[in-house]
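Letters A, B, C and D name the chains as they come in the text, with residue numbers starting at 1 for each one.
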């Protein structure tokens, strides 16, 4: 590889020897297109004809009034085809796969959004597709499993380890080391070995590029703050990257799960529970024990339920360029509920984390301040989780009835 | 020195046998008994895997052994003590095998000092390509330990040479694509791969990934210096029990001493 | 009212006396904005900042290759916020409601899409909201019921009559005659008493306006044919209206259900089973018996399962300007499946009807021909129906397990 | 002539009573018995509702009666024959009530000819505003039948006048917003409404929607000419049985003859 992809010591490519050539090829393909305006144009064209980029920025008038502070704007990645920002990354990698001449793609998925997006891209581009998904996540994101299968992808349940996102990543790597000649691993977030963090960020940077222009056009100024949830970090990197050179505070919100003190969370940069380590091919802050064994994480949002975090964000945290906060499961359900009722927007559980912190900050800000939240995805996929969170009796009754039909 | 140990041994045996265990699986007591049986059966060297929660390069059998060992409460410190004990007890070279995070979190210098002290000869770290290995190589060097580097079938010539320049003791040639465990079809193509490896190093070549039966070892004889058996033995223990190890290993190495071959 | 809204004898406003004033007010509000470019601009702005208009036109490259005939393009109404073209209409009516100063909206819904869209609009605009939905439809579109409730709407199950769309319309009218002072009835399709057919068409015409420009820009010519499914007729009127003055064949596809010969369908203009009548406030072709009693209809797609049809379409049918076809449930599932696998697009069951006919015609057309299909909505909402159609074992197992949790 | 029948009758009674049934509910036999009871109890005129599958202006009780009658197999032709029979049997004026589609599908001319022939005096069609009623009005006119037009509380003055110009027999004043069935609070506001109606027509005024008990009728006495009871009687039949009709109706009309009022 031409570079090792380090960001002040975070990152790198800790990969088995068998994959070294594959990564070299991938890095080359990426470097080829990275500064090629023609490629970027092709990328934008696909996203604007197949998905609906540019996605709008919506003024949340009712929430603004409700919190009576900063003016709240929302970048609408939920309007992407397949319902999340994940579409950007997969279309980008899909175009690279075509260039590399490979015929099969694999991916891990947590929330299922990246899996659905990859399966969709594979259908469109004519690739074979295998998706690895932790058993726990398959349970909580079942509708997405169904759609991946209907899209022609093989969904392989991962029954090892904690049976969530990180384990799915391991399994995808295990597939890749056997099949790298025909197969590209479409990693879904700004993590993993170089060049993934940089490459995924590059594709997701379209969010920030658009958002910066849009918010200035609408409000005539830069936002005071930009909020994004942080799982692996791709949507956050995507929107933040539009504002790195601006005097804009950037806030990444991690999964606080049952609360930081409970230990049942996935807060890597906003808690003191994580430490620097090397796993899944890269160096970053991990939630690990003193032996270096990865800990169990927890979040109501499958897509944030991850032990590691983008090495670029780890660097930005240490530099103080991005502030990191966490939101608990309960806060998330409340923020989601409020957003649905007040604005008619249904953020994904992942995205709702960003809303939590924005809602905490908004009342303390000036009415002149503009804040921007990245709504990374839509919450349709979360219906089972949300119905459970609300313990919705109508829903339960419906499911019980449906089950009876199936049992009959 | 590991390399000379191997080369000397190769004067007596056409091919050496390296076996593998996951420390603490099925238990520490059993791990000890397994090693004992292996040594009795004439194994030439052994890798002791310190279990890791994310063993990315391992297939289902070793993966599950890692996870079970951890689930039973295995800690790194205990693995180290265990390794020290066996290396003092048994008269063959032992190597550590683990993923880089284990060494990194322990502290590279502490880790290598301990190894030296314990008499562990070297380490295999499958997720550490030499480009990321600077600190590790320095620490190993400082303690006069053998960093076992890996070749793979798709490693180009130049890179084989580069890797070899960092390696000591022997080279671990990954036999094929994929993770540990699934079987490998040893073929002409494979032979060409080993020949490519030979050209770039004078170090002994060990072949791992998918070596599981006498037939495989017979194929490797005369081509490689060391056959590495991992998954096959864990399966054997799981299916038949520790008392069958000796018999199995002896069956593999039948006809492997020089005088017996004709 | 200034006009009676007749289209060569179809249409009219057969309303109880108590509603006459309300309709006058509504017609006036509509006439006020109808030719006001400022209003249209406001309308477009809301749709482009809250939803993502213009929605793209996607080239279906794989389907085109597969059918080896006309080039197939798809207008992507599925990318609208809330997942269907219904968003256009509700936002338009919502703006009118604001002008009229009313504070509550009611709506009927079949597929649930119009209900979700209305509930969403109500949340955004701060209206109270009640949705009427047939019990049968509540069963088959349960996820939408859940979201309507979370959006703050009251969803009232309609247990009368056939318990589907038409019955929900009756109930909405029953609510309206009691509450018209405070309440606007957001009718969801181009049916009902004047001015609804014209007004809903007006709002949906944005689809055709955009689509005409886009397809000419992309292909340098007009399409040979444009396909849309027809429930009440709003998405069809929306896209067709862009091409009325062009030499373009327009094809409306109705629900063939279990087949026209079975009698279990909702084909009003493409079968000989319907006759002219007056119900639900307007005159059109209805599926009725010789006494004038409305018949039971059937479709796998709740949104097409309706006895009446837009009076404007009835007129266009008689004039021969629009061709009407039907697609059976089975054909629909097959076309949907194919579209998912080939293009990574998930049309709603309703929309998939249009695909069926396009797929029948495409192979017979020239490679030079361009055809355009309106994908009126996305199929996420149909997961229960589709899983049942495929008798998906993984899904069943999941539901049974979920039910066990709830029972415990 | 219906109007003169009503006006004559009003010389004897302060307020007349019009009742309503859904034909074929609970059965044709019962429908006949219900009418018989009503006539015996002194009802002055009756509306016979031909059930329709989409009775948009009706509340739950009448809606359900429509649906049940249809579910039992009620056909329009049979309803017509039934109406003919009762109008020949009982000596009070009968009116049809139905939604426009029933008349439209039957054929307006055929429908009105039949009515004439059967001795049905007029029809109430709640979903037919006069602007849509041209054919209907012509056909009714041709057979000398009474199109009963509706006023509603929010109908403006000019429109009341226009409606009145098409009406014959009497005017059906819808008492309030909403559908049939729920109760109406008869108030000063309501009185003002009736007064507005009076100004625009000389036809008798019938009040319907929510009239359900003696109190309501006492309120209407002196203000309106006819009280219309619909839902209340269906409920009575469903809850208590046909044999209670007479007693109920007599209890309503106690003190309604001129000589008794003082």
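Here is the rule we go by: a contact is a pair of C-beta atoms (placed from the backbone, for glycine too) under 8 Å apart; a residue touches a chain by one contact, two chains touch by 3 or more.
On a predicted model such as this, the values are computed, not experimentally measured, just so you know.
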(request) Compute the shortest path length in steps from chain A to chain D over the network of touching chains. (result) 2
(request) Compute the distance, rounded to whole Å, between the mean C-alpha positions of chain B and chain C. (result) 66
(request) Averaged over CA atoms, how far is the centre of chain C from the centre of chain D? Could you give it in whole Å? (result) 38
(request) Averaged over CA atoms, how far is the centre of chain A from the centre of chain C? Could you give it in whole Å? (result) 33
(request) Just give me the whole-number Å value for how far the CA centre of chain B lies from that of chain D. (result) 98
(message) Testing understanding: with touching defined as stated, what is the shape of the graph linking the protein chains, line, ring, star, complete or other?
(response) line
(message) Once the touch criterion is applied, which pairs of chains come out as touching?
(response) A-B, A-C, C-D
(message) Quick check on the complex: what are the chain D residues that touch chain C?
(response) 52-57, 59-60, 63-64, 67, 70, 75-77, 99-102, 104-106, 126-129, 131-132, 150-156, 159, 163, 174, 177-179, 182
(request) Over in the complex, which chain C residues touch chain D? Could you list them? (result) 1, 4, 12-18, 20-21, 160-161, 166, 170, 173-174, 177-181, 275, 277-281, 286, 288, 290-294
(request) Name, in rising order, each residue of chain C that touches chain A in their complex. (result) 48-52, 55-59, 62, 76, 79, 81-83, 119-124, 126, 139, 142-143, 145-147, 149-152, 337, 340-346, 380, 383-384, 386-387, 390, 392, 394-396, 398-400, 402-404, 406-407
